[in-house]
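The structures come next, written out as structure tokens.
One chain, subunit A, links the two complexes that follow: it is found with subunit B in the first and with subunit C in the second.
Presenting the complex of A and B:
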């Protein structure tokens, strides 16, 4: 770990100002940043501890104007325990509860969860100078790629590690990004960056920009949602594949909905084919195989991750059946 | 003591037959025949339990010594390279850095077969290059980046089969195979047996390299006092460590004290001295200050051993009447960059009665961290393959697997013809099968269960040595106030040595546990204790403690007779008292009447019975649920029925079983060292990518122990229990998966991707 200057702004205004002047890394819970620092993957001159800012908007969950506003410093544990989420934004509550471990959920924040770096073992190993770290090779192509992406890859083949981002994508959330005195809203689908655009970054955040929260449109009364996460180990593991399902149901029939996938792409993946195939399912109509088959269109598995395609389809099918009964 | 003699004891230890010359008593103490003593057999609390739970137990790194420095090793980033030049001047210039030791400035100390402590030939990514010593570990870590090393990068090979190829680099003068050639074993004639059999099955298996990853990393705290060296070390053998250190440092063993009072796990990786300890000792001598060195999790995964991988091609043959007639294997295992042992064929050689056996095995060198003994070295991976072909053969012969195992139980060692001291495997099979519901709950047709989540039941058998033996000594001292101290050069690696020695002495002297203190894990002033490996600690040490206790009883009687001037024949010993016709003496009173300050006896472990072999046996029965849509395997229940001799402490025994079975589940379902063969580097050198089981993976575990006080084996009838629990677990799980799905998993670990693809593949074939 290299030495760095530790910035502790008292409020958002000071934080925004400090970030405009410095190339500081922003810290929420620090659960990912500490790893990056210790492994010399990140070596910032300054670290800005956003938690020192006292602003309430960073820490509250608020229902207002048909929207749910969640502060960037709300912890995953708080999201997992929130009754409003459990009732109406189930997919997000389940995603937060499925992340990491109780200890990490107590420390980890929503903002940090969206901005965490990928878990690719080449990226995380300081001895590999990979594309994402400014090198000229993606080692996963000829190397070990069981946990890498099956869609959206190239020239780098990471998967995005966040659970909450996948849920928020299915809910059509917007990320609130601040720079200086201004805050703008970015649809979460546009917040993440594919490697073909820039293999060295996962988000659109530019100099001086940081996440202050998210806004989630309130779902309708007939909306049901769920998050299904498949891990290789039951506790403390990232998603090998995850399925966020949000759908409107009337009379037991799906009117329409959204499927977002985790663990399959370098960004949280909105599956257009699968989403389109949802409408009409229910009652006598059990076109589950057609729905499953529509998922991950154009998938190009690597040498060791072919299993992700049938796994995703089986999980999604199971999630849909369970949600039809909810 | 009745006098001693010297004998040669030949017994199985860890990976192979070993021979020991040992001083043993001419006559052993009378055996304890009862199965339930006053203390032995009881689930008494751990001697060190309070300290472990409260945090007051002192582990190696808790020895925070004044003026201590911290050291870290610089390791090769290349899988194969030569050091051309080292420039440590920048590192040395960093504030707080005290020294950088490397091949250019440190003594030349031989290591492994043809290499050195500081070698210029680096054979794997993680091989030690230099040692940086600084005021703190943080400074030392920072300085690692400042040591400039110029490497000549050499071609590498990390794949087992390719590493035998002529194009692969030769890492040692003996060639690409350890020992220069394959290791073989044969009895009978396999070819005619294969030809005349009613069924022959043939299958190939691979198992992944697994890493021990104990909770406590390797660490040492060392200091010199004049020419005396003290080493606190997380080790499985204080005496072995002391003797190897003496050899490496060329100083008398009597000048070295090794201490390991508490330990957070070893599982075999702490059986041998590691380079970092010797380097720290050199640095401490040079700088005149204590030096501590702690390996981080990455180093733990690269450089201090592993269970080698295996590639096994098996054939098994049998006849319709249920006779196993031939077993053949052709096997490979990667020992890594330096000598270790990847042999996994003992179960095949000795588990079942089989007249015709042929084994060819190759220990292959490669550019990866070398293996080390790992809980029952070779046996878990060997059993995984063997018991799957037994299961398959049974099916081919139309015989129930359990019945095939029962019909082919060996009555004597299949390797030597020597009879066992005892064998209660038949009872293990019977009671284990009963507990799991073998005859009623198993799928008659594998894979016939309804729905996507399919359940199945499987089994596998276990054989292991673990009889222990001499040389081993335990000293017991009664102090003037009647309190008792037990001292031995064995150690407690977390398994309960403190507790079972306390229980044994309490049993022998019939005194409360609280009056007995125990000191192990310290070479100073202690009689020799062997390595805590090979399941040999309990069966070596407790019989010696029993002897010491009984000898003290006799001494007390003689002492009181002399001190109180009463006839010896009028005295007896009961309930912790010397009893006379008119008066009784407590231990304190006895000591005072004989005007002794301390009464001391050292019990020596007696010789093992001649012409007999001590083995533990067992079988595990496992129920699994396989999610055929995700490939996920859940182990629901494990019934472990094992003959391990006397139960010294039921609770400690269950701890051993739970730990071993969980480690077996890890090996079966998730543990895997992942290597990028192109770059020659380990990708899983942390506890996120190297997955180990968590609480959620824990099944219901039932432990069944047939009563067996094997006093032919030793005076307490004890066999070791450290290793048996892990041996059959992976094999039993694989057979259960077959019973659940009808698909055989031949590759470990059985991760969901492998299971799912195997199920889809099987579906494709059947279409």
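Presenting the complex of A and C:
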């Protein structure tokens, strides 16, 4: 790892100022950033330790005005252990609990989870200068692409690795982005960037901008939600595919809902077809195959990842059946 | 396993060696004045800071490069070689230590992020020459084969048991998911931890 200057702001104001002045990279838990530094994929002169900022805004989970505000430094372990989340924002609690390992959840922050870089093995290997790193080729197209995307790809074919982002997308969350003295809210669906827009970055964050937290609208009383993640091994793994399901249920019948998918696209994927097919299911009506078939419309699998389409559909069916009974 | 009744204090030696002339910058650690940026930091070489931390109950003050990981600090500077490094990429768990009571991968934590905190390594579990009951449980139940992953397994198990003294088998599997064992001693590791239930 190359050495760097470690900036340690005392508060958000200093952090924002320092980020406007310097080309520093932000560090939360460092569980992803340290990997990028060790592998020489990022080599910043300066790293800004957001954890040194003492502001409560960054560290608390607060219910206010029909919204849940979560600070960007809240760890995945804290999200997974929170009773308010377990009760009303189950999909987010389950997504945080399903991510990484106990040690990484103790260190990894929500802000870092949303802003982590992709896991594409060509991207992570310093030997490959691919499109996302400023080169002119995507090695996954003719190479090994078992874990790459099936929708939304081109000219780069990563999948977005974050578990919590998929849950937050299904919940209709907003990301709080700060630059200098100003903070704005960005709907999470607009926070992530498709490679066709810019293959070199995953989020809209520009120079000096960083995430201070998220805001999640409070779900209704009849809302139920879940996060279902498929991994290749039980210990720990990124989602091969995952399904975040948020739906309103009355008398055992789904009134409406949202399906967001992980592991299928370069961004957390809001599945419009699947979401629309949810209403009316329940009771005698078990149009599960119609629901599953509506998912991933327009999917174009690569040479090695066709399996993701039926896997996602079956996983979503399972998620729906389980949630109907909750 | 080498043990230390009263750990020597290599930290002090390092402190003297590396800090040399006084601690002019000490008060500035963790602080960045309102207008300060990197270049204006006090009289420390760029890319280094002073670190105060407590390891196994003993305070240390050192002068470290920003890029130093906690594992490097523990092993190379402070001589706590019980902490092992295998992957050095946050993927295997051999380097697990407790930071303010929480299990973390020391290879994937900056040493400077331990500033003002308590670090517990496997050496800190021992009482003199006496193994900690959890270590003894690993011995009694054959919770190891080559032993390379064991310090990390023990520290992860310690964190798990502190949080949940009566873990179910599923709790143990989930709590130990961040620790790989290339020898595949998993069933015996779980058995070792299960034997600790109610016995603390």
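Some notes on this structure:
Heads up, the rule we're going with is that the second predicted complex is superposed on the first by the 326 of 326 C-alpha atoms of A that agree within 3 Å, B and C clash if a C-alpha of one lies under 4 Å from a C-alpha of the other, contacts with A are read in each partner's own complex, and residues count from 1 in each chain.
FYI, a residue touches a chain if its C-beta (ideal position, glycine included) is under 8 Å from a C-beta of that chain, and two chains touch if they have at least 3 such contacts.
For clarity, every value in this text was computed on a predicted model and none was experimentally measured.
In the superposition on chain A, A:315 makes contact with subunit B only, not with subunit C. Residue contacts after overlaying the shared chain place A:207 against neither subunit B nor subunit C. Contacts of A:235 after superposition: both subunit B and subunit C are touched. Within the superposed three-chain model, A:66 lies out of touch with both subunit B and subunit C [touch as defined at top].
In the superposition on chain A, A:4 contacts subunit C only, with no contact to subunit B. In the superposed model, A:83 makes contact with neither subunit B nor subunit C.
Contacts of A:22 after superposition on the shared chain: subunit C is touched, whereas subunit B is not. Once the two complexes are overlaid on the shared chain, A:46 sits against subunit C while remaining clear of subunit B.
Once both structures are placed on chain A, subunit A residues 1, 234-236 are touched by subunit B and, in the other complex, by subunit C. Subunit C meets subunit A in the complex at residues 29-32, 34, 37-38, 41, 46-47, 49, 65-67, 69, 88-90, 93, 96, 99, 102-105, 108-110, 112-113, 156, 159-160, 173-180.
Looking at the complex, you find that subunit A touches subunit B at residues 1, 119, 121-122, 125, 127-128, 139, 142-144, 146, 230, 232-238, 240, 304-307, 310-311, 314-315, 317-318. In the complex of the two chains, the subunit A residues touching subunit C come out as 1-10, 14, 18, 21-22, 30-31, 34-35, 37-38, 46-47, 49, 51-52, 77, 100-104, 106-107, 234-236. Subunit B meets subunit A in the complex at residues 77, 125, 138, 141, 629-632, 670, 674-676, 678-679, 681, 683-685, 688-689, 691, 693-697, 751-753, 756-757, 760.
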